[in-house]
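I'd like to ask some things about the structure below.
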Amino acid sequence: MERPSSTFAQALLFVLLLALFPACLYMVFAVVPTEQKMGVVQRIFYFHVPSAFMAFAGVGACAVFSAFYLWTRDLRYDVVAHAAAELGVVFCTIVLVTGPIWARPVWGVWWTGEVRLTSTLVLWLIYVGYLALRENAENREQAARWGAVVGIVGALDVPIIYKSVEWWRGLHPKVLKMSGGGGLEPSMEKALLLCSLTFLLLFIYLLMQRCQLGRLQIEIESLAHAARRPAASPAAPPSRGARA
Amino acid sequence: MTAEAGPGPGAGPDGAPPPALLARGLGKRYGALVALHGLDLAVRRGECVLLLGPNGAGKSTLLGIFATIIRPNEGRIAIFGASPREGDPAALRRRIGLLSHQTFLYDHLTAFENLRFYARLYSLPDPDRAAASALRSARLLERAHDLVRTYSRGMQQRLAIARALLHAPDILLLDEPFSGLDRESIDRLQECLREERRAGRTCLLATHDFAAARPLADRVVVLRAGRLVADRQARGLDDASLEGLFRDATLPPATGAQAP
Amino acid sequence: MSFLRAVALVARKDLLSELRSREQAVTLFFFALLVLVVFNFAFDFTVIEFVSLGPGILWVAFIFSGVLALSHSFQIEREKDRILGILMSPIDRSAFYLGKVLATSLFMAAVEAVIVPVSVLMFNYRFSGRIGAAILVFVLNTVGFAAVGTLFSAMTTRTRRGELLLPLLLFPAAVPIALAAVKTTSHVLAGRPFRLYASWVALTSAYDVIFLAAAVLLFDSVLEE
């Protein structure tokens, strides 16, 4: 059922990623100089920050495709929204794991309540809730509608959460100013760019894979149901979601 | 979607008034489950149609779509020739009533308060009087100011009927209204529905209990797995032939009877 | 006008029914009181100043009892399919939503109006703020919480694990409300000038407006089958 062009694009992306990841590792570990104050551990930055970008890409894509779904009621959009939310959770998790690893040697604590990290945690919780709600829906249409509502609300919430956490911290000193990219050395900037590009391609690749899987799931469900149908008898249990 | 030539559902082929309820190519899926499958049905004004079918045949889904609660995936419906998706849905909703085996009543409100709430939902001109007169015809006036949770099942059912008819709907949708009722309440409900029919109300009645429903019906329609498999005039049908229709609907499609 | 009347109608029905059953009012109030008691034991308020921890304690109590109110609000409608009666009626579904938000906000406000004075007695502090500012702050935060909570609870009460799912979804989404509520309440209780927390009030107002508007637009898809 998949278009050959999509299969080709995925294969191409896969090959590209095979080449790009070693290049990233090479850049991060061999080319970029060690950051003076933070030492070797700062190199995690090149994976931490692109993951954060991709977490936002997931949240954004989820909201956009959720809106498309509510507008058109075409389940293919919901498949993309769902996949994007899952990827958002995955990349949020990477951010939440790499953040403390970086923070521990630099700040001396695992968890500081730093604004970006705290906001990411809240974001992660919202999208875990999104997935849990979908799991508990009675059927695919309901899961899609509910997911779309939470996906849109969650994305609207992101800037407000960030602002509130930032203000909550008050005048908390910003230990780190480098995430903005302002004071980066040229080679550091290049490494960050390369890593971000690689992560973006990885995101797109995973999204395509996951969407393909989602479409196949829909197909299998309807085939399985069609296969069950002719044998339907009065004793057959009433299926979920349909009353009488 | 069925392509339709000539005027839309707004008017019949020869300028006759549009049917009270019309479904064209109606489809509804719940995930992989197909609850309705390209269903066509027209209910004339004043007609009482009995909707038969086993569990999961799509009866409730069909009623839910006509009640504008469920949104179909395919096809369309028209109520007195108007689609609830366009135009004035509130005006259409005023013309539909729904009575189910659930009472829809609030336990901690009195009977009067329940009816007054519904009268206000439908913006009836004088909610208090509407509630009081509905209570009178349900013979519940002396208990009007008691909480509904102190009511017996039969009294709650009487109140539920009064609630469904409060805004004098032109179409009455009934979803298993007999289930859980004792003989006396069934008789009373039948009497009440007979009265509604005489008043020219259009009824679509989904039930298992064809013995209770048959005397009310003008037409019997049988659903199986979301499709219409039989459509008969009720005259001349006795309980045995009805039961036969119903049994056919529960058999596998290969041996099931097709509509004539 | 008739839209507002429908909002009031739904809210009034909820208030009447819940006041009549008393179950809800009693549960909410005692739950909030229980939270205060637990914290009263957990922290030694002879050495800790109430203003530093108190606002957090108060809002934990309000948010927890608010979640109870929110799930109850739609459980009542789901039981006996009562919600179908409302969905079939000619009133706007956004009026139904706003009526539910109004009713839940009023329940929470009633709990707040009792619990805040109780906390003054229990924790022995002086309320030195202005009443007007306090009302503004409590109303804005309560409405924001109820706005998102009502939208979510309309979904979660349809599931078997609704009572678990609602806080799971609502707490993270309501983080801005929780933070703003605690900050502004501590400013208000300490009687500090409004300009110190004006930006928080603006943030809460923005939250209220954004999510009330979003929910009004999205509520149809939540209730549709």
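Lettered A, B and C in written order, each chain numbered from 1.
To be clear about the criterion, a residue touches a chain if its C-beta (ideal position, glycine included) is under 8 Å from a C-beta of that chain, and two chains touch if they have at least 3 such contacts.
A quick note: this is a predicted structure, and the numbers were derived from the prediction, not measured.
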item	value
Chain closest to the assembly centre - both centres taken as Cα means	C
Remotest chain, chain B as reference, centres from CA atoms	A
Separation of chain A from chain B, taking each centre as the mean of its C-alpha atoms, in whole Å	47
Inter-chain centre distance, chain A versus chain C - centres from mean C-alpha coordinates, in Å	31
Gap in Å, rounded to a whole number, between the CA centres of chain C and chain B	38
Where chain A touches two or more other chains at once, by residue number	138, 142
Contacts with 2+ other chains: residues of chain C	224
Chain B: positions in contact with at least two other chains	none
Complex interface listing, chain C residues touching chain A	148, 151-152, 155-156, 158-161, 165, 168-169, 171-173, 175-176, 179-180, 183, 199-200, 203, 206-207, 210-211, 214-215, 218, 221-222, 224
Residues of chain B touching chain C in the complex	64, 67-71, 89-91, 93-94, 96, 98, 100, 102-109, 113, 117-118, 120-123, 147, 163
Chain B partner contacts - residues on chain C that touch it in the complex	2, 5-6, 9, 13, 16-18, 20-21, 76, 80-82, 84-92, 224-225
Partner chain B, residues of chain A touching it in the complex	73, 138-142, 218, 221-222, 224-225, 229-234, 236, 238-244
Residue numbers on chain A that touch chain C, as the complex places them	70, 122-123, 125-126, 128-130, 132-133, 136-138, 142, 145-146, 148-150, 152-154, 156-157, 160-161, 163-165, 167-168
